[in-house]
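The same chain A turns up in both complexes below, where it pairs with chain B and then with chain C.
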Partner chain A sequence: MTVGSLDPQALRQRLAGPGLQIDLGPMVTRVRSTLPEFAALFPLLYGDWPLAPADTFTDFTCELRPTLSLRHAPHRRVLCLIDGQPAFAPQGRGMCGLLFEWALNWSLANHGLGHLMFHAAVVAHGDDALILPAPSGSGKSTLAAALVATGRWRLLSDEFAVLGVEDGLLHPLPRPVSLKNDMPRAIAALAPDARFAPTVPTAHKGPITLMRPPAASVAARARPARPRWLVTPHYTPEGDTLLHPQSRGHAMMGILEQCFEWGRRGRRDFDLVADLVEAVTPHTLAHADLGRAVAVLDGLASSSATAAEAAA
Partner chain B sequence: MVADDAALRLAGDDQIVWRRWQHEVIVYHLASGAIHHLQGVAAAVFAELADGGPRPPSGLARWLAAETDLPVAQVEGPLAVSLESLSRCQLIVPQTTP
Partner chain C sequence: MSDVRALICGLLARPQETVGRLSLAEWEAVIPAARATRLLPRVGLCLQEAGCLEAVPAGPRRHLDAALLLAARHRIDVLAEVERMLDALAPTGVTPMLLKGAAYAAGGMASADGRLFGDIDLLVPRDRLGEVEQALRAGGWVASHLDPYDFLYYHRWMHQLPPLVHASRESVLDVHHTLSPPVSRLKVDEGMVLAAGRTVLGGRALVPMPADMVLHSAAHLFTDTEFPNGLRDLSDMDRLMRSFGHDPAWWELLALRARHLGLSVPLLMAFGHCRRLFGTPVPEYVVARTAKDAGRRRRTVTDVLFDHALRPALPGCRTAFSGSAETLLLLRGHLLRMPPALLVPHLARKGLRSVTGWLRPEPPGRTA
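Let's turn to the complex of A and B:
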């Protein structure tokens, strides 16, 4: 049974009562909320995700609760609790979807045991992964969404690269993609069927719109991909689209800068990242035009496939 | 001019872990948690100590001069800077006899 298959009333009751459990892969989360806004938003963004059995062990519980505040109209703000503890400052109700994503990010970054995680978007061409590691504002989410919109790539993850400690593979975590400014319009032009949550204005990052992950990507959530390409994007509004080879040392330093809980496993973490860097072809990508950037990255995959065929 | 000519070696395997690619080395100092990205002379010297074993600065200067086709006197300065940097980061240590 998927989140989307629940009728709206049953979904509201479950959210307001025992909560809904979703197996994200690295962890199982339970979400609870009495907010009608969240009950409407959750199936829009997570409709293709299956519900975990009720007796599944839950790693953490996220609750989105309306608050009363004398300085604001009653019930107009929402408090996010992780395992019963307030996690962030109360936000407007329109932020409930983002608050849930932040709660997931916080919990995954701190408790994603069995995986090494770093800040990156990851997509896969077949079972070959393209890693886009970069800080916020580099355009990695937009690039990932655009590649997925072509139908040739599947979404593994937006915020987190989830690297298996045991297998060195990239594990899917196809959660909603966070798009800034007017990027949803650009993605909608590429994929008319794409679905978006209402745009939310934020103080630090401007308007943010969450995009529902494609059903095919969610369906393939148990299918990890091997590291193949690593492209560090830089959004350069006035520049050309330029793909340049990057040294492995710089690529590794770039990943280490984006790691969460780096070094928890000592030299094992170091070897994991070094092995990943040795397995990929590292590049940097200066990009301004989304269509050109997609063509360049498609070309990277095509040329690799051609080279592999020639070698065979 | 390298004043102290005691032989130098890499820090032990229990202190550092590293990965080398062409012209660069990434070193993880386990105790401090620091990551070092070595390039240029520092990377070359680190790799030479890894491959060739302990060596005094004078020997490293002769090796570097041969590698760069430069007079020994010309490489001693950059070499001293790199050795000082590697030593400060505890990536190389004096070779001690038991």
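Let's turn to the complex of A and C:
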């Protein structure tokens, strides 16, 4: 049974009561909330995700509830609790969808649970993964959303590359993609059936819109992909769209800068990232126009495919 | 659902018999509660030592494995940071005494196993404080900005300087110049503790002798004003006492040392709580003697308050009295630290400051 197949009344009751349990892959989360806004938003963003069986162990519980404080009129602010402890400063009610994403990010970044995480968007062509590691503001989420919108790529993850410590594969975590400013319009032009949550203005990052992950990506959430391409994007509004080969050393340093809990496993962590960089052909991409950037990355995938066929 | 704290203590003290009894729902409560008290790696370690880590279901097992990994990394990192701190102190010629976590790690004590380390605590002679501060500043550890009142509060009335934070590595040093606040009723002769210390790390630092480690931890816990890591500290004491307690002479040394340092009361309280929570094998005559030295009954109202306060700060782990017990113990801790003539103006000042902070309008743009 998926989140979307629950009727709204039952969903609200489950959220307000025992909570909904979802197996995200790297972790199982239980979400609870009494907010009607969240009960409306949650099936919009997570509709294709199945509910975990009742006897699944919950790794993290996230609860969103109205704050009780003298400072604000009651029910004006939302407090996010991770495992019963307040996590962020209370936010406006419209932010409840983002708060839940932040809570998941916080849990993943602090507790890898057998995975090495780094900040990157990952999409896959079949079982070959394209990794877009970059700091915020480089346009990686937009690129990933645009590639996924073509239907030729599936979404592995938007914020976190989840690298299995045992297998060295990238594990899917197809959560909602967060798009900034007017990017949802550009994505909607590419994929008319994409669904978006209402845009929320934030203090630090401007307006943010969450996009529902495509059903096909969620359906393939159990299929890990092997690292194949690594492209570090730079958003250069005035420039041309240029794909350049990058040295493996630079690519590795770029990933290390974006790693969470780096060095926790000592040498093992280094080897994991080194093996990943060894398996890919690293590039940098200066991009301005979304359509051309998508064409360039599609070209990268198809040229590698023809090269592989020629070699065979 | 049974008492979550009792389950955590059971896993620490009797892992073999407890691990099989836990349902998955109980594990779901135990993992976040143990994490909140910083005891998660210790739970993993005790299960590992008893050879029953395999009996843990796969879900919670991932958390225990990750916690064990984290604790192992912490221990390596804290020792590396202690070495860097000693390098920074080398020009002054001061040999600092490490306290608490750093001392456990540097001394290779059982209480360092499965422990997460926070601040590095060190004790330096009070008359060398200026030099030490300067050397640490040169090494990159800087104090956050303090107003003149706070500066005097820390330097004149408190036993430690405000935390020094490293500018790039963000490690935190707590520099103590005495073991108890100079204005407090509890006076501890740090000369005695320093004289009995042993050298570690190639003679560059001192650690207290094991009995003093127990006493310092107890004195700290039972005079403190907040207890986020209280259970962890009790577990540290339990492990220290268990690893040395096979020798009857050590118990006598511990009780004697407590009498000489004037710490029989906190030791008696530590005995009571460790025995009840972890079943620490403290010989009966040692408890009786410490109670006599302390001039105190074994279980007092204060102990009951601590029992309610020393619980994970999570809903479902606390009793109806936990909140009020904490408030009363906060007051008790403050009264032990400072005489009322100093305390009342101090608290009034802090209260006024928090009220003005609260009344100040929220900065624009903090929330959406």
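As a convention for this text, the second predicted complex is superposed on the first by the 306 of 312 C-alpha atoms of A that agree within 3 Å, B and C clash if a C-alpha of one lies under 4 Å from a C-alpha of the other, contacts with A are read in each partner's own complex, and residues count from 1 in each chain.
The rule is simple: a contact is a pair of C-beta atoms (placed from the backbone, for glycine too) under 8 Å apart; a residue touches a chain by one contact, two chains touch by 3 or more.
This one's a predicted model, so the numbers in the text were calculated from it and none came from an experiment.
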| item | value |
| --- | --- |
| Contacts of A:T67 with chain B and chain C, given as first, second, both or neither | neither |
| Partner chain in contact with A:G263 - chain B first, chain C second, else both or neither | both |
| First, second, both or neither for A:G249, with chain B first and chain C second | first |
| Partner chain in contact with A:D271 - chain B first, chain C second, else both or neither | first |
| Chain B versus chain C as contact partner of A:T58, first or second or both or neither | second |
| Chain A residues touched - chain C or chain B, whichever exceeds | C |
| Doubly contacted residues of chain A, that is, touched by chain B and again by chain C | 263, 266 |
| Touch list for chain A against partner chain C, complex | 28, 55-59, 61, 71, 77, 83-85, 89-92, 94-95, 111-114, 200-203, 263-266 |
| Chain A residues touching chain B - in the complex, by the definition given at the top | 247-250, 252-253, 256, 263, 266-267, 270-271, 274, 277-278 |
| Residues of chain C touching chain A in the complex | 24, 27-28, 32, 35-36, 57-60, 62-63, 65-66, 69-70, 73, 313-316, 358, 362, 365-368 |
| Touch list for chain B against partner chain A, complex | 17, 19, 21, 23-26, 28, 30, 33, 35, 37, 39 |
